[in-house]
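Got a structure here, written out as structure tokens. Questions coming.
Going in written order, the chains are labelled A, B, C and D, and every chain counts its residues from 1.
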Amino acid sequence: MIYFDSDYMAGAHPKVMERLLKTNHLQTVGYGSDDYTKHAAELIKDACGKPDARVYFLTGGTQTNATVIDGLLAKHQGVLAAESGHINVHEAGAIEASGHKILTLPQHEGKIWASELKEYIENFYNDDTYEHMVAPGMLYISFPTEYGTVYSYEELKEISDICNKYQIPLYIDGARLAYGLAAENGSVTLKDIAALADVFYIGGTKVGTLFGEAVVITNPTLLKNFFPLIKQHGALLAKGRLLGVQFEALFEDNLYEDIGLQVVNKAIRIREIFKSKGYKIAADSPTNQQFICLPNHIIDQLMPNVSFELWGPRGKEETTVRFVTGWTTTDQEIETLAEILDKL
Amino acid sequence: MIYFDSDYMAGAHPKVMERLLKTNHLQTVGYGSDDYTKHAAELIKDACGKPDARVYFLTGGTQTNATVIDGLLAKHQGVLAAESGHINVHEAGAIEASGHKILTLPQHEGKIWASELKEYIENFYNDDTYEHMVAPGMLYISFPTEYGTVYSYEELKEISDICNKYQIPLYIDGARLAYGLAAENGSVTLKDIAALADVFYIGGTKVGTLFGEAVVITNPTLLKNFFPLIKQHGALLAKGRLLGVQFEALFEDNLYEDIGLQVVNKAIRIREIFKSKGYKIAADSPTNQQFICLPNHIIDQLMPNVSFELWGPRGKEETTVRFVTGWTTTDQEIETLAEILDKL
Amino acid sequence: MIYFDSDYMAGAHPKVMERLLKTNHLQTVGYGSDDYTKHAAELIKDACGKPDARVYFLTGGTQTNATVIDGLLAKHQGVLAAESGHINVHEAGAIEASGHKILTLPQHEGKIWASELKEYIENFYNDDTYEHMVAPGMLYISFPTEYGTVYSYEELKEISDICNKYQIPLYIDGARLAYGLAAENGSVTLKDIAALADVFYIGGTKVGTLFGEAVVITNPTLLKNFFPLIKQHGALLAKGRLLGVQFEALFEDNLYEDIGLQVVNKAIRIREIFKSKGYKIAADSPTNQQFICLPNHIIDQLMPNVSFELWGPRGKEETTVRFVTGWTTTDQEIETLAEILDKL
Amino acid sequence: MIYFDSDYMAGAHPKVMERLLKTNHLQTVGYGSDDYTKHAAELIKDACGKPDARVYFLTGGTQTNATVIDGLLAKHQGVLAAESGHINVHEAGAIEASGHKILTLPQHEGKIWASELKEYIENFYNDDTYEHMVAPGMLYISFPTEYGTVYSYEELKEISDICNKYQIPLYIDGARLAYGLAAENGSVTLKDIAALADVFYIGGTKVGTLFGEAVVITNPTLLKNFFPLIKQHGALLAKGRLLGVQFEALFEDNLYEDIGLQVVNKAIRIREIFKSKGYKIAADSPTNQQFICLPNHIIDQLMPNVSFELWGPRGKEETTVRFVTGWTTTDQEIETLAEILDKL
């Protein structure tokens, strides 16, 4: 069986695992006060070009989103997000559980439009009853989005400008950030993200760590009491250095960037294989998630040997499926996929 | 330097780490639906003598407490706990953040008294204004307690009986459960815990895993929708099998029990060393945390070579300190400590 | 100036005020345990044909919605509602503040469709990832809706059947219930509402009281600990009898029904006046809120003498406006409006 | 029967009721934007000597406490209060329901000591683990306290100074403020309260209104978005002018002050009657709540003709009871009480 279900099916990248092994017996203080964690934070600040940023390490994506958003919002505020945003769909109400409404914007292949963001905010303040409504207190976007798409630099800049104008922090969910930075024809760098976002996180779980997300706070006025909030959200890892050690591995020797590039290249190769065989590409994704529209009989023939996800419910004749590559995906697996398709 | 600060300063026990390594490249589904996790749950149910229990794996203790307690309480209820209970002191308000009051009982070396529990509940319902007050909806105790003490079987049974009488679930925080089960002169087994508690958790973080706590639900009427609540609390690990794999290691070949016994024995040995040299034992702990009252000049002389925690603020002439053993503690380290003390 | 802005611009109906005056100096116990409140509850249960219902009196609509919904939902559940539902738009995030997501359904002139409700629930449970999403735990509808429309008996029955099938309580917001029951060509009675809803409230604030909403719980398994929840939500009135006294006035001698009929008749008369003069009716409302599309120059000419609300932002040439009648609206005021329009 | 149970058993003071009647048919905008409410706010600011204060009107005490405290605290903070504070005992967990812990201080006849407040805060920041604990974010005190006692000016000043030093807002619950200001041998004026507190509320419910509490925000940096928070807490009265009209009545012609003085004088008279007959005074209260320790047989003899509350459970031979006076209490009722006691 070859697996293209998701990018979090295996453990850690060998270089990450090696460091965990090497440091396993060392004794350090807990909760992220150790030197590994401090060093990892320095490496990240360097990579971001933000020497004054603050960096915190949490365990998972939903946890990170819930903690950051809870910290950024005042009690009467909600968070703007695309209807398809992860926080709005697949986090089991974690944002609302901390007391805040998600204010939805239309999604366009997973992205929001700056124009619709602006319109939402302006309509809100033009409404005489706005004090009876939930105020837009921040913006959440994901990069890449839940549909594998990415914003161009210009799009991000325009969004960021609107956020600045209305003094609404911009928070970027970077669960798959490495794949967004390595996007085919992409124009956004890590330094761009750090310059445009007020807060963002660099996802580790889907890019080679066992677990772990690095929150980068570039706007010094925000999240001033983030540590107790991490604890309050049950998001403080006792053996905090495990996060530091893993992110050290990712941010030394360009490993994070390298994984991003390799994994995206493999996904593009898969898309081209399907395309060359005449299958319909369901959404034009430049990152490590590819959406293909396959006839149901093809799906049935693939399933015994190839593992992948149906994207939405089965259609009558054809169904959209998702192929995801990860750091474990090998060229050999992709060739095997191509051969299987050849034989159908 | 030899370390006795806490039992979560190093990584994972070699047998745990070995399994993580061995399974690192395997591809499995996420969120705990994999076979390793299922197998670990079976091992735990066997060890508990509770074939019908449900077992869930979370990452850390505060997270586990917050998620379980949130799931057990109705909106108008609070959780009874000792004043010194971890949830009341060192969880940054995680329980209140999910909307619930902690109703405190007096603590006696970290333990509550069954008589005072009963009195609290009866006084509550005897008060004409009780519907204006927070109803006691469950009981939280820790085993061993935050002060290293343990309940006897009889004490636990009495507490459990009161909980049953008033239909208040009993939840046991087992962050250091292995050390409570291995307590000097202890009378409580894992099967006892499983028989008396409605819900409890078996701590991994402090007993040899990188992280991880196993929630055991023995009362089938409780926490029926626990999975989405785990997700909502940001407590669902994407690579869930990491928890299963680690707990498989702990619950095969008696590793959990073995670690418990060895670590407690080492702590008792430390206590005896201090006692034999005439130092005052501050609290009579039968588990892996030992509290000794040391003259300040002795503390100052130890510090360059021995790492341990001051317990509370420095006194004028003497100060209570805490020595904790863990799976990393060696006989050699204890002998070194003894030698250092000899030379003072 | 004549006022058609809303139905809560004046104090209480004379019969309500008279009773408040008459009982003003009496001394009774607080918090709704007095005989007036008990009697009012009996009157309401009679009117509903539900001798076993439980009735509670709260102060305002948002408060009532927040308290009831918080009480009905489990922690992992959200409330289904029309996008245009009051709880989703104009309650400043009160539902989310108690930890719950609002799951929105499309609105059709303020109403939801049974078919779309069914589809939502079925799609939810057909989604493999549903445990990562917020479960639909109840349905909120308003009767009449925020746009003045009402459900027919058949529509309500169909919705209620779906709720029963999926064991999701149906809660009806009756802020303007009297006007829905008196709707032009309406087919729904108070007994129907009581038979079909699990919980609903009978609005007083907009139907002749100073303030006050009566929550009727017809499903005996629900909201078993509602009293402490009312207190927790800050919704328990110290001088609770004020609510009982006012609802006694409404439910003796058919006052509630009478107000409903008179007020709706006046609103229909206003609609017919506008229609007869050739103005466009913006939405076909059978209740006490009428929406008319007026040329801007007509609006400008009316404003010095007639008070009403713009409904949404000003259009370029014409704008939708809202005319609302209440128990204070007199035939004379309506004739004056007709005369003013005649002269334009 | 003569009643001394509480100060909220009757409706409104005649002067308040008269105004409600007089304005009953007027049409005004809702939610507190009307001129009555604005005028009442001006009267209150004048009485407080705080022209720049902001004043908001809410319906009840628990509601007011929950809304203000939720607005003042950051997510990681809790509120300091006496163990006996109303928010800690009799508000059904309203503070915790909005996510915040109550951090308790010892109570001394209902009051906290400045020295213990200082000690709490200093110990907190001296604890190395303070970021794992709930930070003290504000102080709640009641004036008078739940036991009828009052702080002297010096005591309040000392408490206020500590709050300022540690930048912790001081919030005063003035449910019975009028009786605290009129306290026997009292030294605190309304202007003092306004000068020392950052936020406080002037209770109406227990001092002559049907309902209503006026929140006064004297520190301009606090509660900047209080209006939407009031709405979110379900605390925004639709017919907001009812609050304005009632507080106009209280703050014109010194009615608030007059009620305070008269009611306290009557309570003192009751205390003196009991004292003169040799009964034991249980607590030395200078306000409108009096606590007397009566033999059980005396209680039994009084009960057929006099209504009052047992304070705590019945003792074996004697029991503490509470006598409360209100604006309805007459000299005649007190003489009747004296006569009944004479005959026992």
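Everything that follows uses one rule, which is that a residue touches a chain if its C-beta (ideal position, glycine included) is under 8 Å from a C-beta of that chain, and two chains touch if they have at least 3 such contacts.
In this text the structure is predicted, and so the values were computed from the model without any measurement.
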| item | value |
| --- | --- |
| Pair exhibiting more inter-chain C-beta contacts, B-D or A-B | A-B |
| Distance from the mean Cα position of chain D to that of chain A, given in whole angstrom | 50 |
| Distance from chain D to chain B - Cα centre to Cα centre, in angstrom | 42 |
| Whole-Å gap between the CA centroids of chain A and chain B | 34 |
| Overlap residues in chain D, where contacts from two or more other chains coincide | 75-76, 91-93, 97-99, 131-134, 228-229, 231-232, 236 |
| Topology of the chain contact graph, where touching chains are joined (line, ring, star, complete, other) | complete |
| Of chain D, residues touching chain B in the complex | 75-76, 78, 89-93, 96-102, 123, 126, 129, 131-134, 313 |
| Contact footprint of chain A on chain B as seen in their complex | 3, 5-6, 8-12, 17, 20-21, 23-30, 59-67, 91-94, 97-98, 205-206, 210-211, 228-229, 231-239, 242, 307, 328 |
| Chain D residues touching chain A - in the complex, by the definition given at the top | 70-71, 74-76, 98-99, 131-135, 225, 227-229, 231-232, 236 |
